[in-house]
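In the two complexes that follow, chain A is the common piece, with chain B as its partner first and chain C second.
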Partner chain A sequence: MTSPPAQASTSVGIVTPQTAQFDTPIALRSGAVIPRYQLVYETYGELNAARSNAVLICHALSGNHHVAGRYTEHDKYPGWWDNMVGPGKPIDTNRFFVIGVNNLGGCHGSTGPSSINPETGKPWGSRFPLVTVDDWVETQARLANRLGIEQFAAVVGGSLGGMQALQWSITYPDRLRHCLVIAAAPKLTAQNIAFNDVARQAILSDPEFHGGDYYAYGVTPKRGLRLARMLGHITYLSDDVMGTKFGRILRSGTFQFGYDVEFEIESYLRYQGDKFAASFDANTYLLMTKALDYFDPTHHYESGHLSEALAPAKANFLVIAFTSDWRFAPERSREIVKALLDNERNVTYAEVKSTHGHDAFLMVDPYYHEVVRTYMGNIAL
Partner chain B sequence: MTSPPAQASTSVGIVTPQTAQFDTPIALRSGAVIPRYQLVYETYGELNAARSNAVLICHALSGNHHVAGRYTEHDKYPGWWDNMVGPGKPIDTNRFFVIGVNNLGGCHGSTGPSSINPETGKPWGSRFPLVTVDDWVETQARLANRLGIEQFAAVVGGSLGGMQALQWSITYPDRLRHCLVIAAAPKLTAQNIAFNDVARQAILSDPEFHGGDYYAYGVTPKRGLRLARMLGHITYLSDDVMGTKFGRILRSGTFQFGYDVEFEIESYLRYQGDKFAASFDANTYLLMTKALDYFDPTHHYESGHLSEALAPAKANFLVIAFTSDWRFAPERSREIVKALLDNERNVTYAEVKSTHGHDAFLMVDPYYHEVVRTYMGNIAL
Partner chain C sequence: MNASVRPDFEAIGAWVRPGAKVLDLGCGDGSLLRYLRESRNAFGYGVEIADEKIAACVRNGVNAIQSDLESGLSTFASHSFDYVILSQTLQAMRHTEEIIREMLRVGREAIVSFPNFGHLNHRLQVLAGHMPVSHDLPYQWYDTPNIHLCTLKDFEHFCATHGVEILERLVLHRGRRVRLLPNLLGSLAVYRLQARR
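Up next is the complex of A and B:
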């Protein structure tokens, strides 16, 4: 639901989120059942008569449905992928009908741990079940049904969002023609899981976590969430870009010999941690990290071979990795490419030279954007 | 002070720590003065008549003076570098008089934040000043004076210990003939500092930290220290060795969909964190990480050139790096080698192939140990 562009002609302009209620229970991979739930989403561009131009954008750890545009003219920041999605942009809303959705378990309007559990009249908190990438694909598919979309032109995602796109190609091979998997990995390594677990332990051991039911106490485990985000940020940036941006620059020019900020990098990290802890729900952060840990399309296969897991996929693929991404390094994307080639799928693979680490997938890079633009431009509607 | 070997002939056997009291105030780099202090240390082997065979071992972040041997016959674990130091070992106590010392600010007997401040009769806590690598070198030099050692045959250290060895060569160029700098770096990168700051923030924001004066409350900031250690462990191990040792192995074979241990790597990290938090002082951990951050021999030089900073050094050097160490990667050791070569110093450099990451410097590796053995064996006494 897009109003005319407010400022620049490459913006989708002022946008309004919408809500879809689902009263059919959903059985999750964990065995838990959520009786009813809502998903909040945004759309940009127009669904064509053939209903063949829909693109689903799947969000990453801390993302949401607000992909592009602004809520008011005075909104300081646009949606999280506004540089990628809009009229004339790589994912061109003049051509595509683009959908952003806040995943189940989120904290931006979709049903999640901070939502009211209708059975108790209180926030779900610790009773909210863990969700997996498979579960998200299922809820996204139900939203597609609701919107009358039988088949997506493309499902697109970066990082954890790329894992959802990949899972779409396995679960619903006939429901997407193209799959864009950006800065992702076929499953986490032990080191990836280790970083996630430190982040989780920071939250779980915060005395204000109260077993996940902090809502009732009027507090939030903000110390833990802040630490989790600070740590996350280190893994989103490359060593190089941290060195270039911050190096060993001192805030006051000399050592202070205390525990206040000495180096600019400390100031940056603490600021990012504080900002995030003030605005994001800790339970959602926890479950998002678990969804990352659990993701493993080979889990059902004794062989453990990704090629076997990807055999059902029919889509054409664009896989993109960034050279300085050490969270999900290019090697991990190449595993996906190799497994797709084993299945004789059409795969385009781009390894983008970038110093920005994992975060590069969110940033403007002419080559990266041109690859996406060209790929999307070639999609037949 | 070494008794005859208790069991194996390659062990220094049962050892007893000693204490040196210093009543001359020490002015620290921060401007703070410690009026009097003690250092606890151990020695292995015998000082020769010429007093030319002394070797100083500098410890890293969580190390101490207990380098080799055991305290009792039933001691489960020997000193932290027992595989390197002993009769017939690479640092051969049949030939060398080896000294291990707990640094000022430590928590294993030397004066530190948990020691009683004679002025108040209470633990130093938040009043204990921050110390730097330069300060440690100064206190170690005073200990050497006390022991009648004018010149060390070698000063040796890994990681933060390697930085102390390097600083020795700058501060007291005539007091060491050889300098062994292992798995170190000439200064921390922004990423290194960032990891340290997350660890510190975990401790500082623990409600049981009480501004550093937790001793009076009968508590310790164990949650924060546990997180700091878990995080540290990730940076000590390589991604590869974590993958080989733990991979995605599940503790119970299936997903539990909760926040208890699912993956073996989580179990390992939490165990390491708990063990450390129960035995190490949080204030000491904080100040050790700050000493790492502050270390930068080029700090006094406008050029910022390491070559200029190392110009005073006269020692011969052995520099060792490990291929899978991403905390202090071989590139960082090569910076040291380059700066020493710029000054036409004698440098031996070994880049050891290892999958063990930063921790490799503590482990048995035949090539690594042979390099140290050969180098030490060639030292003229």
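Up next is the complex of A and C:
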């Protein structure tokens, strides 16, 4: 291996999203049919002549297609997984052709509740059907067909993205050689569903929600979405990291005996909530949390055994969990590992010591990145 | 990895049936699994706790499960492996009885290797009033990870009293087989075990 030149950029640079239009109707798990739709995606690196180096990155709850790089030179923030994807990075775009896609139902360009329903000329709103992880895999497979990719070198995802990667290995066992399931779970616990429902209730009970058709009223249920995000955010962090970062620090140094922002943590959460509410669609948040709740590969099996559900999978797996992730704890990843062991699949499981809670999968950690880098580096193209 | 680096690899490899399914406990950088894959076409998994060793296993292209052996083998189904291997790790285990029991639950057979505390060199050092330091036990008393050292006699007594049947034994010193006075002249013991029926 040669070391990269001193000034080698590790960014994919300036990127431009693309749009794929699909005119073949898609029948969803719910029974609803979407007659035509579009998916927004980004690609980084080059597809090789054998078309064997494609990697699909599946996004998490509030994610989108913008995985790496920047839209303009002065863009303040890069894509959401810029520390993982790029030239010389763990998922090396010098080697792989990486695809990020905004899921169906999203609010960043793919057809979703805020898109115009061609049949009514108005936003879909409450009429947009619920979508599931299976549905997403189907739309992603169609996008792969469009791009001429028969088989992915790897399908990769964290959290809800990890569930999509896992579902890929079951639905299309021959269409991926490797499956990276990071900070995920085989299905949500009751506690997880409970958190999601509180988040949804915050949105549903916002007076500006208007049954999901707020677009027509020129308003958005910002207060509900903000609350939903604040709650979500708490569950993605750990008590440790909140304590270290914010502790009980008071903004003004003394108690004010009121309900305005006093503690730094309150200020932080409200800021995060506001930022999110300004950029994300409430209907999409509802729909994505339902997709999380519904995900359960054992649903079709009487036994309810994950081992049975994963029996069709052929991919080689890398499963990664983070010690302080209490939303999708390491025990949940070990359930996936156990089911893969029962099926004698190739699987490596890394349990990364981290204080960052669920969000750790988005952060730089030398061990975590080394495992992904080494694993990806070993993939034959 | 050259098998001669770890003489017990060769012994273990000779016992492993071609195409067998193996579980290597405390698998380190995965070189035994790699050796067994290359020499015996074996398929398997390693269990390891250390971050840098998991990364090394990934580099070696072997399956590794990051987990603490002391917390048991609950991820692994009963009788799901042909061989469960514990190579030069027994002496560092806190729960010796439990790990042997778990090995014989998960595997049809178990293979265990450990440094023989009864080796002449060790005995002489103890006679001279010191805790032994040798090629096989390369630690000082205060920095050793080894907490449960035993001799061949001790281990065989353990097996007799814990429902463990010894199927085969190989005693080595400096990579050569020791037949004469093994508990005195052997520095490394390798056993093939199964649960007594």
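Going forward, the second predicted complex is superposed on the first by the 373 of 381 C-alpha atoms of A that agree within 3 Å, B and C clash if a C-alpha of one lies under 4 Å from a C-alpha of the other, contacts with A are read in each partner's own complex, and residues count from 1 in each chain.
As a convention for this text, a residue touches a chain if its C-beta (ideal position, glycine included) is under 8 Å from a C-beta of that chain, and two chains touch if they have at least 3 such contacts.
It should be emphasised that the depicted structure is a prediction, and the values quoted were computed from it without experimental measurement.
Applying the stated contact rule after C-alpha superposition, one finds that A:Ala165 touches neither chain B nor chain C.
Using the contact criterion defined above for the overlaid structures, shared-chain residue A:Arg334 touches chain C, although it does not reach chain B.
In the superposition on chain A, A:Val198 makes contact with chain B only, not with chain C.
In the superposed pair of complexes, A:Ile182 makes contact with neither chain B nor chain C. Touch criterion not met for A:Val101: it reaches neither chain B nor chain C. Contact with chain C, but none with chain B, is seen for A:Asp342 once the two complexes are overlaid on the shared chain. By the touch criterion stated above, A:Tyr375 is placed in contact with chain C alone, chain B being left untouched. By the touch criterion stated above, chain A contacts chain C in their complex at residues 318, 334, 337-338, 341-342, 344, 346-353, 367, 370-371, 374-375, 378.
Those residues of chain C lying in contact with chain A across their complex are 21, 43, 45, 51-52, 54-55, 57-59, 61, 63-67, 75-77, 80. Note for the complex: chain B touches chain A at residues 29-32, 129-130, 187-191, 193-195, 197-198, 200-202, 204-207, 223, 226-227, 230-231, 233-234, 237, 239, 242-243, 245-248, 255, 257-259, 262-263, 265-266, 269-270, 273, 286, 290, 293-294, 296.
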